[in-house]
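Common to both upcoming complexes is chain A, partnered first by chain B, then by chain C.
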Partner chain A sequence: MDVILQFIIYISILFMTYCIGSYIEHRHFQSIRIRENQTRDMMVITFSQTPEEWKYTSTDLVCGNIVISLDYFKRFLAALRTLVGGPIKSYEPLLDRARREAILRMKEQALSQGYDAIINARLETSRLASSGGDGKGTSGIEVLAFGTGLKLLG
Partner chain B sequence: MKADPRLPDDTVNVSQTHPLKEAIILLIGIASISTLIFVIIAFFVNITAPLIPYSVEAKLLSLAWKRVEKTMDTEQKSQGVNLKNLANRLATHWPDNPYTYHVGIIHSPAANAFALSGGLILVTSSLLESAESENEMAFVLGHELGHFRNRDHLKALGRGILFKLLISAIGLSSGANLGSLAGTAELLTNRSFSRKQERAADIFGLSLMHQEYGHLKGSDDFFNRLPEEAYNDSSIADFAGTHPGTQQRIAELYEFAEGKGWTWNGPLARLLPQNHPFIDFDGADASLNSTLVPTAKCGQLHFHRKYRSDGLTVKSLVSTVDRYGKCQKQNPCNRSSWLLRQRARSAPARPRVSCPRGRQFYIPTDQPASLLHSSSV
Partner chain C sequence: MNDHELIISNVETIPEKTIVEFYGIVSGSSVRAKHVGRDIAANLKNIFGGELKGYTELLQESRNEAMARMKEQAKSLGANAVVNVRFSTSSIAQGAAELFAYGTAVRVE
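Right, the complex of A and B next:
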């Protein structure tokens, strides 16, 4: 009986975290889309050199940073996937959200500082190890976006 | 200058497969593969487990027994000795019995008993509390003896160990939460014996009952008590589909007994009282056969007639009762017996009683305190 009960609790936790996780993910994507639309005018370029015709007054480092974690259900799904191999699809939305959010934050910082464009944009990812257990688990990832903000003339 | 960057495409970097769909496909696939592996393992274990020598089992026993014994309190230990004697008595009817049985009591709300390697039988406290006669307990122990005879316990153990090894080999037991899920699955499969194994054990237990008591009364008490009591817990067993239904098991017992012409009528033997203090005697050595299970009553010591009390100075002092609680032979004229009775009444007296080394003496709590104190040697 205990075993069955444990099983039911486990399944319901999985389902609950699925529902909550999906809702949060959905909300986040919506917010990302709206903000991307708002900051559309800000150019983010990966060139390290500016085009010849660009005239600019000041430059500075701008960066955006996010730490984000996966829900229990998707982690379970990823664990299942590691048994048989193949693309871990449940991680994809997480990484996509993290990268886009980091770039957005970088853009928002650049806007608030009055820059018109960002050149030499770069992304860096690092994994945050879980503090519990053996330390091998992943509690979340950090994505850092950074680049050089430019104030353009004319 | 004005740029017009395009918005990122949502669909490129994120797969559009629904996560629930993926989960279901993966779960079904992995479940069917692990079932296949488990069936293959179980098949080989069933062939190889009975080949494990008894000496290896004895080593396993000493490990397990130490752990079980630690968890038992004094009262449970005394009950364990009771049941141990009962199990070993039953085992005398099994000519090739390779084990010396030990009985451990574990605390559990579900009435159940388990056969572990090396002759270790675990009985739950709830089963012991609900049992009303020695015959009822004897059948449960006989059933477990049946598992020992068919070496079912080794098959279950082997399956469990191999499955655990498999899980740790995949690396599930650490880190991922999947490990706990797999552990749950293992619990579901590990403990259960097949329908066939249970039926064989039932029939073996029944034949032991017939040989020990000459009748089968009390053998079905355990099952009859199940529906209203703890066997509602057997939903796991029903779920796993390995335990024959209780009703079916009783029906099969009746059918088998009828085929053999064994009777279900006879007197029930008493189970020894449970809430009693016990005194450890340290006297002369005695062989296993001279096991004593005495009860004290009305200032006298009564011994079960079944047990040989050779070599015990106490023999002449007591009257004997049979295992059905009736006096068989009284020694009212015996001076020593009279003395003991007298001494039991007058508080500070110390009757001289000795008992085999390591044997335990049970005295019900309704005894006069004088006897309790005076009996220790």
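Right, the complex of A and C next:
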């Protein structure tokens, strides 16, 4: 009886984390879409050279970063997936939203400092090790976006 | 920090200025661990997923410190700009991360 009870508790925790995790993800994607529309005018390019007709004055480094993690249920799914191999679908939206958020934060920082465009944008991803006893679990994935902000003339 | 004195850029040139002297590579690093309070909050957050704000701020502070150290080094060499700046992050121990910033110190006119 005890075993069944434990099993039920475990399943219900998994289900709860799935619901809350999906809700958080859904809301995050919504906010990303709204903010991407708001900052559409800001150009971000990965070239270090600018078009010749651009006249610009000052430059400075702008960055945006985010640390993000998966919910327990999706990590459980990913762990199951590693047994048979193949694409891990639960990680794909996580990285997608982390990158888009990092780029948005970089754009927002550039806007608040009065820049009109960002050139030479770069993205970097790194994994933060867990501080838990085993050190096996990933406690978060960091995405950093950085580039050089430009003030355009005319 | 005197940001207006030192120009930081991750492209090879500074607009409307020419590089007159190179001083070589400058770098700054900072290793940080999060404190227990933040760690517990982040671990709770880890169950439901989403952004771990405590860590985001921690890494931002840490990266700013690495950049400040890089700027200091550039200033001590007599440079007035750092170009081609790159970042790298590595988790060296459990619960600690190293943030590293490096670039080329130059004098522009």
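The rule is short, and it goes like this: the second predicted complex is superposed on the first by the 153 of 154 C-alpha atoms of A that agree within 3 Å, B and C clash if a C-alpha of one lies under 4 Å from a C-alpha of the other, contacts with A are read in each partner's own complex, and residues count from 1 in each chain.
Just so we're on the same page, a contact is a pair of C-beta atoms (placed from the backbone, for glycine too) under 8 Å apart; a residue touches a chain by one contact, two chains touch by 3 or more.
None of these values were measured; they are calculated from a predicted model.
J.: Could you look at A:S48 and tell me whether it touches chain B, chain C, both or neither (first, second, both, neither)?
T.: After superposing on A, A:S48 lies in contact with chain C but is clear of chain B.
J.: Report for A:R33: first if it touches chain B alone, second if chain C alone, otherwise both or neither.
T.: So A:R33 only meets chain B here.
J.: If we overlay the two complexes on their shared chain A, which of chain B and chain C does A:K74 touch? Say first, second, both or neither.
T.: Touch partners of A:K74: chain B and chain C.
J.: If we overlay the two complexes on their shared chain A, which of chain B and chain C does A:L5 touch? Say first, second, both or neither.
T.: A:L5 sits against neither chain B nor chain C.
J.: For A:R100 in the superposed arrangement: first (chain B), second (chain C), both or neither?
T.: first
J.: After lining up the shared chain so the two structures overlap, which partner does A:F146 touch, if you call chain B first and chain C second: first, second, both or neither?
T.: second
J.: Using the superposition described at the top, list the residues of chain A that contact chain B and also contact chain C.
T.: Common to the two interfaces on chain A: residues 72, 74, 137.
J.: If you look only at chain A, which of its residues touch chain B in the complex?
T.: So the residues of chain A in touch with chain B come to 1, 3-4, 6-7, 10, 18, 22, 29, 33, 36-37, 40-41, 43-44, 53-54, 72-77, 79-84, 87, 89-90, 92-93, 95-96, 100, 117, 133-134, 136-137, 152, 154.
J.: Would you pull the chain B residues touching chain A in the complex into a rising list?
T.: Going by the criterion above, the answer is residues 1-5, 7-8, 10, 13-15, 17, 19-20, 22-23, 26-27, 29-30, 110, 170, 172, 174-178, 180-181, 184, 187-188, 233, 235-236, 239.
J.: Which of the residues in chain A end up touching chain C in this complex?
T.: By the definition above, chain A touches chain C via 17, 20-21, 24-25, 28, 48, 56-61, 63, 65-72, 74, 94, 101, 119-120, 122, 124, 126-132, 135, 137, 139-140, 142, 144, 146-148, 150.
J.: Using the touch definition from the top, list the residues of chain C that touch chain A in their complex.
T.: 3, 7-12, 14-16, 33-34, 39, 42-43, 45-52, 55-56, 59-60, 63, 67, 85-91, 93-95, 97
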